[in-house]
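Structures follow.
Consider the two complexes below, in which chain A is the common component and chain B and chain C are the respective partners.
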Partner chain A sequence: MTATYPFEAESPTGDLATVGTPAVRVDGVEKISGAAQFVDDIDFGPGLLYAAIVESPHAYARIVSIDTAEAEQASGVVRIATGKDFPYKFGMYMEDRYIFAQDYVRFVGEQVAGVIARSHREAVRAAKLIKVEYDLLTPLLDPRSAVAEGADLIHPDLAAYTHVPWFFPEADTNIAHWRRIRKGDTEQAFADADLVLEDTYEVPRYAHCAIEPHVTVSRLDPAGRLTVWTASQSPHTQRHLFAQALAPLGFTHKDVRVITPYVGGGFGGKAGVSMEILGAAMATLVKGRPVKLRWTREQEFYNTYQRQGVVAELKVGVMNDGTITAVEHKLYWDAGAYVEYGANVVNAAGLSATGPYRVPNITNDSLCVYTNLPPGGPYRGFGYSEFHFGLESHMDRIAEAIGMDPVKFRKKNAIVEGDELAYGAHMNPSGLHEAIDKTAAAIGWGIEERSDNPNTVIGKGIALFWKAPAMPPNASSASFLKFNEDGSVNIAVSGMELGQGYLTVMAQIASEVLSVPVDKIRVETPDTDRNPYEWQTVASHVTWSSGLAVEKAALEARSKIFDVIHQVYGFEDDSLYLEDEAVRCKTDPSFSKPLRDFVIDGIQTDDGTWRGGPIVASGKFMPEFTNANSDPATGQGGHPNVHYTVGATGVVLEIDKATGRIWVRKAALAVDAGRAINPDLVKGQITGGLVQGLATVLFEDMRFDEGGRMMNPTFTDYKIPTAFDIPDEIIPIIVEVPQPDGPFGARGVGEHTMIAAAPVIANAVYHALGVRITSMPITQEKVAMSYLATTMSEGNQEE
Partner chain B sequence: MDLNFTVNGETWALDVAPADVLLDVLREKAAVKSPKIGCERGDCGSCTIIMDGRTVRSCLVLAVEADGHEITTVEGLSFDGLSRLQGLFLSNNSFQCGFCAPGIVLAATELLERKPNPSRHDVQEALAGNLCRCTGYEPIIEAVLAAGAGGDQ
Partner chain C sequence: MVISHEFDYRRPSSLEDAIGALAEFPGSAWILAGGTDLVAWLRDDAVAPDLVVDIKDVPGLADIALDDRTLSIGSLVTFTDLIESDLIADHAPLLAEMAETVGSTGIRNRATLVGNICSAVPSCDAGPVLLAYDAAVHLAGPAGERTVDINDWFVGLRQTARSDDEVVTRVTIDVRSHGGIYVKLMRYAGEDLAQAAVAIVVRPDHDFRVAFGAVAPTPFRSARIEDALRGKALDAALVGRVVALVADEISPITDMRASAEYRTRMTEVMLDRGLWAAVGRLSGEGLRYGERVI
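Here is the complex of A and B:
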């Protein structure tokens, strides 16, 4: 399929000058010189106050009383806040959360009260003096017991909660949302299948572990404006939720300003609104004084969004020739105490739980189950990493059961452009087959490798992935663009630079259209007073969506530039083009008018008057082909997703048979970026995402005790990769089958790179040892024990 | 208590409390913001500074212990333009969010001073105490190796 772009290359040859080049990141020098400013680095002067939060030590309890008397007298204390001060609900997709707990606490860590004091130390000390009496209830910690008949209701008022129209809560249960897909006749297909394989896979909770903790500073100025500096992926969404939740205090959107400097890693953990609302609300109690609230590393683990756990019951039917005929995927999500954001993870997974395969008969049930664990929420991969573990493990097992090579089996069923998706819409162009071939070649698929060490064995694995941005159907982006006297450009956008290179990519897109070099384009992090709207920097959608908004602003600026030239020199607009920061003319090769000569001051005409003036432009993008109006019973009829990004991951690993120790010798990952606006940045996503994904399967693991308390909330006990814990070799592979509606054909890749990391390890472990592990993580102990068990049972059979 | 020390060549005379942590004092009273607060218990390395030529986690050091010592942060490295290593970090797209960068730049700088031509294992060892969640370390390691191979630190 030939892609059609709203934009064609400027140069007469049609070659792109900036897009597709590894331009050095625009925030690079700031970051390696120590100049980059994060929220915690901003000085607020001697008036700065500090907040500390009193958290529930119980997973489920009724609050009987809160006694703040002693704390109020403590040194340095300025003000104390409790649920009485803010009896307001908030939530991203479902309003099920209060700013401070009201009558009940539903997870260990839930905010019960807050102290504002003159120093951090005093705030923490006073918080310990607040006495809260609780009436303890029995917590529900497992999604399957929470859906069992007669289970206690964690949210008895669920049916009355406000939520987006595409959620379907089940009244009088703990099921906050149930996404159903019914397509074809799954029962019949299983009956007709040559082979049906069924199993259950378990995935625990995970922590984002951005190195920068959540931090926010809020100030209500004497004139009544609330400004919040925050480490956030979502400045406009935060402003919207603050304004909504605090509306009873008289705030409107205009009164709230959110400023987001550089963010020290997000991975979904800084999307939406979590602890920030505490700071924003508490600042309203101490007018004129900025209030800082910073999470400790421990709070970072147990009191921000966590990646939800899932129990996946999977059943797949297949014919002997390798054709998949039916998939039944039942996902029980441990969504935690509040699902205001997490329920959309559940929704996204339910829509796409077939994986990147052509499947005629589908039954998907994705259940968002309340539990008394910390609120689940967005984490890079948004539900897809979780269900791909079981799905892609299962695909290998089916291939083996019918005696087919796993790569061949996948290629036979891999989805292609035009195939019908689970909900009835059709698949976008994709380079999935190319990604599979290149990944397989990179790891020498099919070539047996033997270890020289008698104690170790080598295994290879492959797994596919896909993911669509999960967002409201009308999630949009906008941009402003202005020229400066010297022909340089400022762009204002509200996507967030999280490290992925967003600012650089926006500069490259504008550079391509305007022929202004990247280093003459300044793109800054957002301020909701000045920068135009962006929904959020999540879902791997900003390269695509915000990129389109920037492209449109640049095109508008270009046409205004041509207009001035036309007025003064009479050339027709369509004869003009931009090259090397000047306007050129196809019909008059001698004409060249440098941009810096007129983009602010205009051009003087023969009679001494001027034409033109400052060139400013704006652009916006909203997908106008999506809708979420599907039938709740079948999921059919809507067009909830804009497009899918696909790819494949392969590994070669070596395992010590006795200890179970795994070394990843080689890892290859091919992703279809549509068009890599900046290949170096895409490779950065591949390397970083793959290592993050490998950690989830090899050693990361959140543990909770029977009381629902996280047992390992430190980097000592919840280990994330160090420089030693990476593959010996990583092979990033970029596939480019253009996205017809993307900027220069681009689509997002940020999350996708971690999605298949877990199953690819499971498959390679099986290949090496013949041991199939169906629960994450696949730790050294688990591998060693499982292998020992198989060798012992083989030994027994021989006797 | 009196604290007299040098930060990036500038001498400071400060009044600090006995329990004040060096990381907080540097950030709040000595005008450097590049050492970051990541865990406050020695696990992440984002608070790394160089004290008398050796990298130290400033969250584990009391401010008074720095009395009479000489401290370098990444701001100090960058006064006269970027170092060769910093240039390689830039061209290798070594960092993403950049939160870990000040600590890692210092850890790698110290390594190269100690061992101008380090092996991959040396680099991994020198950086093992500095967590980076974004990059997967590979582009960082490659830049440090390239800086070593070129000599001329």
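Here is the complex of A and C:
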């Protein structure tokens, strides 16, 4: 396939000037100087009120009564809110949540009431005075028991819930969505296979652990306009959901404004709407006064989206020559009490649970199961990290079982452009084979390494990954662009700078088209009243989608610039090009008109009149080749995903056999970025994603007690890596097989870099110790005790 | 972070005033030094004092001093102070090795050695090391001053020999020639509470002190293990014999941090590796202080 980008380099040498270079971050000075503001930095003056939330201590209970009398009399209290004030449903893909609990609470931490007070301290104090009487029910904490015959129904009205058309709830069960894929004849393929390997893999829940907790300040002004400042990845989606949920109070989209300053990390946890709806709703009770609601670190753990746990039953058939013939993957997702966002994680995983392999016969069942644990939701990787743990562990085991090198086995089956996907569409161009080769080389695959320390052994592992953006088929992006007097540019977009470098990449794309240097382009965080639409900054799609919208706006501006030159000087548009902030002409090399001379004031003609005027432009992008319509029974017929980004991860690790401690000595990760618009930022994503992924497998370990209460909602007992806990060496490898419809060939890389981190550790631990661990996390304790059990049973056999 | 209940706060400038303040609120006054435990407990409503007595202005409590063979560490001395002190490095390097494993830099800058043994949680890092050093704890109260042997200090889970109206002024240790090690099991290399800990001090006559942390309700010394080692040169058989005693000597729990089985197994590994390293250090060979065996 030949790349056909909307815009090709047009300098005399054909080289790109900005795209592909490590441009300095446009938000760098703001961040390092402290000028950058986050929601909690904004001063709302002495009238600011504070909210505190009363939470359910029970995982599943009926609310008998709520007594607010004493709290109402407490010092500083302005207003108390309960479910009676807001009997409204909301939800991203399925409307199954209420703002405050109505008759039932379904997880520990669910909001039952809220207090608005003059100070944070008074709000917290009064919240403790609210008495809630509960009638306790037995919680369902495990997805497989929740789907068992006769299980209590957590949402008895499921069948009546509004949801997107690509969800298939099973009425009168706890299955909120069941994504089925049926392709070929799996049964026959297993019967014909030389080897069939079957096992179950378990992945627990995880927390995002962004450094900035969720925080929102909301104000309903006396004229009826609701403004919400939030730490969010999704300003327009939040506005839409606020307007929808609060429509019974008379709000329309015009009345709701969301302002999102810089965000201290999202990782999916600040996508959609979670606690922000509480702030927005409570502000309507105290017209004229801003209300701040800020989550504690504990709430950040137990009452925002969590990454869903999954139990994966995997069966793979293979021929002796290494050809994979069939995959059956049954995923039971512990989706939590509300699945309004998390059900789409389940959907995305179900569509792609074969991994990046060519598989002719497929049976995927991905079940979104209600449980009485906190709501599941988006987390970097969006279901793919979860199923890759089992899948990529399984691939190593199959390779060993048929006596084939795991790298050779993967290369034999690795998907290539044009291969048919599980749902019938076809694979996009990809550099998967190149990624495998470069990763294997980087870790010295096939070269035995021995430790000098008698207590330790060395192991190596490799694992592949793929992921497609999981979005509604018509998720779109838009941009505005305007020139200033000096030829500098402002761009307004509504993607979020989450630390990934989005604003810089948008500036680079516009810079390339307009020949304006990056440091003369300002791109800022959004305000939904001023900035054009963006669906959300999730799914690793903004470089691609918002990048295309910015590229189109820049092209429109360029076209308007050429029109002015044509009007005044008569050059044909197609003879003109931009270079070094000036319009040049291929047919008249002496012609050069600096942009700053006319992009606001226009150009004066011979008769003294003026042509042109301020150059402003807009661009939008919506994929027009996707659709989510498919047969519910087979998943065939649609084109739900825009494209896949692929790659490989490899590690060299050292393990202390007695303690189980693991040191990752070297980690290599190759990702096919299509085109790395900013290679330094891609390397940043590789490093950050890999470290985050390694944390989920080595350290993080979310625990719940038998009542469904999270036992470790603090960093004392929920461990994320410090500088002492990262690999000694990380080798980032950028592969560039262009995405034909991407901006300059780019596709997203943000989530992908963490997806294979868990199985690559599992595979390297097996290589080092001969111990196969099939449940995450792979903590030092689990490694040590598993190895001890192995050596003891071997010892017994010898006796 | 918000502390939602009320309490009085005083910051006396003399030891007498501090003791007097404690006496005014018997049983409901808490002493604030570094505050790294107390403030977290206040926030979580785990404690609800009527009075908090901040002793940071009391003179003389922040000193590290050497008098002949006795090293004195005041109750305001932080873990960072221990790490940065030449006196500690020269005379009680085990304290610095232990201090480096406590919390994070921010915690170590505030948290005090004495506060650590006053909170007396089972995993307190200072406990096993002070036990291995045969430390003495010096207190001042309405009845005057007294000294408590560290072996009598930890009387139960989070309980010490201190009376509510007493202030710990300092701890002292005998610094004659020794080798030693503090081995701490953590879930990762970053900051963590001890999941199990072993402190060993060995004197030139092969007199051993062996103390454990996080594997019983309090830090404690094992007389059986010390007796088995006393006066003997280490060899594999001897180490094997004392390691075999560990499972009987400790009483670890299973909680979300670690299983009792893992704690037991790791305590054995830590004692094994720790003994060799401590004896190596006594002779000036082997690992430097700060280099870890697990």
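Please note the rule applied: the second predicted complex is superposed on the first by the 798 of 799 C-alpha atoms of A that agree within 3 Å, B and C clash if a C-alpha of one lies under 4 Å from a C-alpha of the other, contacts with A are read in each partner's own complex, and residues count from 1 in each chain.
Please note the rule applied: contacts are C-beta pairs under 8 Å (C-beta built on N, C-alpha and C of every residue); 3 or more make two chains touch, one makes a residue touch a chain.
A quick note: this is a predicted structure, and the numbers were derived from the prediction, not measured.
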First, second, both or neither for A:M711, with chain B first and chain C second: second
Per-residue contact with chain A, leading partner among chain C and chain B: B
Which of chain B and chain C A:R358 touches, first, second, both or neither: neither
Chain B versus chain C as contact partner of A:M785, first or second or both or neither: second
Contacts of A:V124 with chain B and chain C, given as first, second, both or neither: second
Which superposed partner A:H253 touches (first chain B, second chain C, both, neither): neither
Chain B versus chain C as contact partner of A:Q692, first or second or both or neither: first
Contacts of A:T722 with chain B and chain C, given as first, second, both or neither: both
First (chain B), second (chain C), both or neither touched by A:R661: second
Intersection of the chain A residues that touch chain B with those that touch chain C: 296, 716, 721-724
Chain C residues touching chain A - in the complex, by the definition given at the top: 1-5, 104, 185, 187-193, 256-259, 261-262, 265-266, 269, 294
Chain C-touching residues of chain A, taken from the complex the two chains share: 120-121, 124-125, 128, 296, 656, 658-659, 661, 698-699, 701, 703, 711-712, 716-717, 719, 721-725, 779-781, 784-785, 788
Residue numbers on chain B that touch chain A, as the complex places them: 27, 32-34, 36-41, 43-44, 46, 73-75, 77-78, 82, 86, 89-91, 93-102, 105, 123-125, 127-141
Contact footprint of chain B on chain A as seen in their complex: 22, 24-25, 27-38, 40-41, 208-213, 262-267, 294, 296-297, 498-501, 680-681, 683-684, 687-692, 714-716, 720-724, 726, 730
